[in-house]
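One structure follows; several queries about it will come next.
Order as written gives the chain letters A, B, C and D; numbering starts at 1 within each chain.
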């Protein structure tokens, strides 16, 4: 059962709209209940061929030899597709927005880096014929030592999973082996905190498990173009990826989709389109490539595992004064989207709380498992689990009610967040208050009267003096190998115009950030030496490259 | 090579066809075999089917009931004489699977599947097996289960002695998903009482070994005991003897052994939860 | 008694749209000869309701009834670029692009109406039921249909619009991590009530109570769909599902929906939800996007409720019966933490 | 390879197809006859999106050998409505917003029809049992259960439609 609490933020809304805010029936519902909604697979083609891939049984092995002679002669087989048939057999998904180096082959070349990695594909007149042919392929492997734990993968001497990133971590800004977040001085704050709580959290991978598995049907269309019926969650993303791998102008691909049987993030990686299109190119016939359920479960990209270490400094009165987070994203064998997810995680720390000293190091680590990708709540779900269990432990440690502990530390409009942008449009406090009320969870009047619009800003809007560092530098300052991953960092910040200068700061302990303290309110001491926040994000030398990465092909 | 499908009017003809071709497999409900075909199992070249009406019939007699191996879970659930088996038949798969899965097929389902076989084992059923030639043989279900990987011939029916009384037979399935989930473990128990004392109790475990197994040590420990907390204590102590549970996606061997005595106690004492 | 009740809570916020921005969406809107509109996109509806959300935003912006608008997506030959359906960006990004396109189309429509009624376009308004009238004089009106016919067959105007919405790509400072992640956040707080069997480690969800702030709810029934379905997925993440049950060991991976455990229809529990709406300053009609964040508060709330019930902290997901049982045994039995949060 | 002729009724009309050995009913429905309402979700019998009725009983088309359908009556979601009039279940699913991506909906509707045809006034547990073989990843099952209960209460007395 669901109720709308219209009384909250009433003055910020005009509620008498005509269509927005109305419980209209979904445009697609009639099709759903009559069985007429058309998904990518609901298209008939005369002469349809079926594609199946041969997957590596090893987590890490060299490919010594591949013999497809028997498979090519198997009944019903029209084509065997090898790595050499792929025009551009190396890519990374986010090369389309110029982020990260090409590190993943469409079909394995010299090495397989995860159990299930595609080695070759068979296109046949039926799925049964394709499976029969696959059983006739002979491959000789030289198994290699594999690494499956993110922290083991970072130790010297660990097997190199992905040669594009020999240290087994994604390289950020061509400078560091992780993404940093620095705000204030956590070490000083830990020294002055009443309690320090340090914990470890682990989230295993999660499979998207949509009821419709990844799949596509590609077929020759008119004027040397190819129609591609696809289950993708990102039409032009997949089109651009396929165009790059197959080295064809983007307008020769005519993608049709938009109605997907559940995605949840598992249909962003173009798992089937490049091969189904290549199959159609090589056979001149329609080709259907659909992952079976076992493939989707084990070899279709899952949500990546995450390990978070969280260390907090908290005062007896409940104020959190320092939060240090070290996170390891398990990218699996290839980068795909994990590099972006790690940055999104860094941007999310320390959670919806105003904490004067925050430090985070977020690693994107390569291991010999199925490459991870985005999933519902990408980069946030895992760290939110860790942060909110940690908050429960802190509340328990200082003997405060968990709801009141959240309201005390909640961020409010005008507060400065750790990624140095002011908070606005906040509503955490109101959500806590309403949830408590609905669950008959008693909270004291003081906390019932607080809100997100008052008590923020002022001293809480200032950026404290910040300790930065150089650890995690790639190769001791040597610029990263290979093509550039990100354009160089922007020029140093332009200081705020004089008028916006906060009043002269006095030296104060880093952690005595003015707070909305528990009753009676402690006097609000001024913040430490502030660093000027940028008025607007500087673009400097950034040149927003074309989204299709056409510049790169 | 495409699959061949051959149907036979009698079980003996079907058994003969089966024996004549190593790559032939018998198609009963299809839930195991069709899945293998869909997933690309290339070792099957022929499907043998039986259209023999007797294959699906359920014949009640005074002391026992003969269930055709082709009878499906829904056929058992529709038969009042087999009410004691309903708790087991009711939790095999979902409604659609129960309209396809057969008694014969369940005998060959790999752990952790095979809950009906576990129930039949606790009921000490007799299995009729039709070889390639000659007349059918009657063998105890325990013997069939232990030799099922090497078994030749075709199971044509399963004969179940009626339990001592309606509530003498109990069945409990532990799964992580409700209402339908694969077994973490299952327990079937036939608990005849003589003067308030257990005599010839038969207990079987599902998913505690590669096939359903009898809990002989527990049976011995319960002989002559009362069906109460004190009475069953020795039985609980022996609960995990002879078990060799697997670790799979649902649970570890450790967990299955750890919770087996708890569920056995709850079954024997009729505790809920 | 081996069963112990527990209650736990969690509070979260969630960034709306791709982190760092740089994820444009485009839209086209045009009228057919008699004033029925088509919104043409390449955005994907994977069940979250992209088609219906953009349809309602277009109708509201045009000032016409919902029945006069349909959404057509996705064909790369006809639909303009959109980044894709992820990161809860649909309502916010595509919705804004549709608003821009619909505004342009409305502008042409109102100009055509002004010409027909011989008034100034600024003096006109739509009634949301298919008519355009002079403000304050509802009787001086013309139907959208007649305006469309006049515009296209006499005035030579095409009632159409195109729109793009792009949040400029934010830089990330290498040393400090300074960046502009997103322009708005959704919020939530959720209370989980459950029961733990201390002999088997099994956890049974009893109830969820929650408050979600999602900006303007464009369609309340579709918001409810996300919050109910998302909470179920959150429960599944917390207690059930993983393709690697023994991570970081890759063994025993599930190969089907029997081995990939998720809550069944018999595992779900009541969920009492309140929705608050603090409009996003730059959202279409203040819309944000509930699609992803609705699952997030359930995971920690469940973990905290298990601690409240039996005093064990399981910091590894999923929280399986085995992990709960091992922790209970390690501390020598259940240690209920007492009624917390007014647990009844 | 030799093909086998199979004649069966689909949603009330006669069909005749030639099937390969070992071909399942799902493939015949989709590729042979062109009824795309039953979907491929697993081919393992564990997801239920291919649920159809065969002689009134719910069955998984992906695990049904096509030849075994000879002479039998197959019903799919395409056959649920009575001409232009939706079946009470279809109306209830719409009223309760009981679908998001829609991929499980056909299978859910057929499982629900099998239930109501045999048990016109099911309990909530009966409904949960009836759809226990049908995975839904979007809705969390609650709206689907409510829709089926609602359809049952509305249908109560009148003859089973569709």
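A few remarks follow.
In this section, a residue touches a chain if its C-beta (ideal position, glycine included) is under 8 Å from a C-beta of that chain, and two chains touch if they have at least 3 such contacts.
These numbers come from a predicted model, not from an experiment.
Here A-C and B-C are compared, and the pair linked by more C-beta contacts is A-C.
We define each chain's centre as the mean of its Cα atoms; on that basis chain A and chain C are separated by 17 Å. Computed centre separation for the pair chain B/chain C is 47 angstrom, with centres defined by C-alpha atoms.
A separation of 37 Å divides the Cα centre of chain A from that of chain D. One inter-chain figure worth recording: chain C and chain D are separated by 30 Å, centre to centre, where each centre is the mean of the chain's CA atoms.
Residues of chain B in contact with two or more other chains: 1-3, 37-39, 178-180. Among the residues of chain A, those touching two or more other chains are numbered 26, 28, 128, 209-210, 260-262, 264, 292-294. Residues of chain D in contact with at least two other chains: 20, 22, 42-44, 46-47, 97, 101-103, 125, 128-129, 131-132, 135, 137-138.
If touching chains are joined by edges, the resulting network of the protein chains shown connects every chain directly with every other. Contacts from chain B toward chain A in the complex involve residues 1-3, 37-40, 42.
Every residue of chain B that touches chain D in the complex is listed here, in rising order: 1-5, 27, 30-31, 34-35, 37-39, 44, 47, 49, 74, 93-97, 99-100, 178-180. On the chain D side of its complex with chain A, the touching residues are 20, 22, 30-31, 34, 36-44, 46-47, 49, 76-78, 80-81, 86, 89-90, 93-94, 97, 99, 101-106, 109, 135-138.
Chain contact summary for the complex, chain C toward chain B: residues 2-3, 197, 199-201, 240, 245-246, 252-254, 258-267, 320-322, 325. The touching residues of chain A, when paired with chain D in their complex, are 25-26, 28-39, 41-42, 44, 48, 126, 128, 209-213, 260-262, 264, 290, 292-294.
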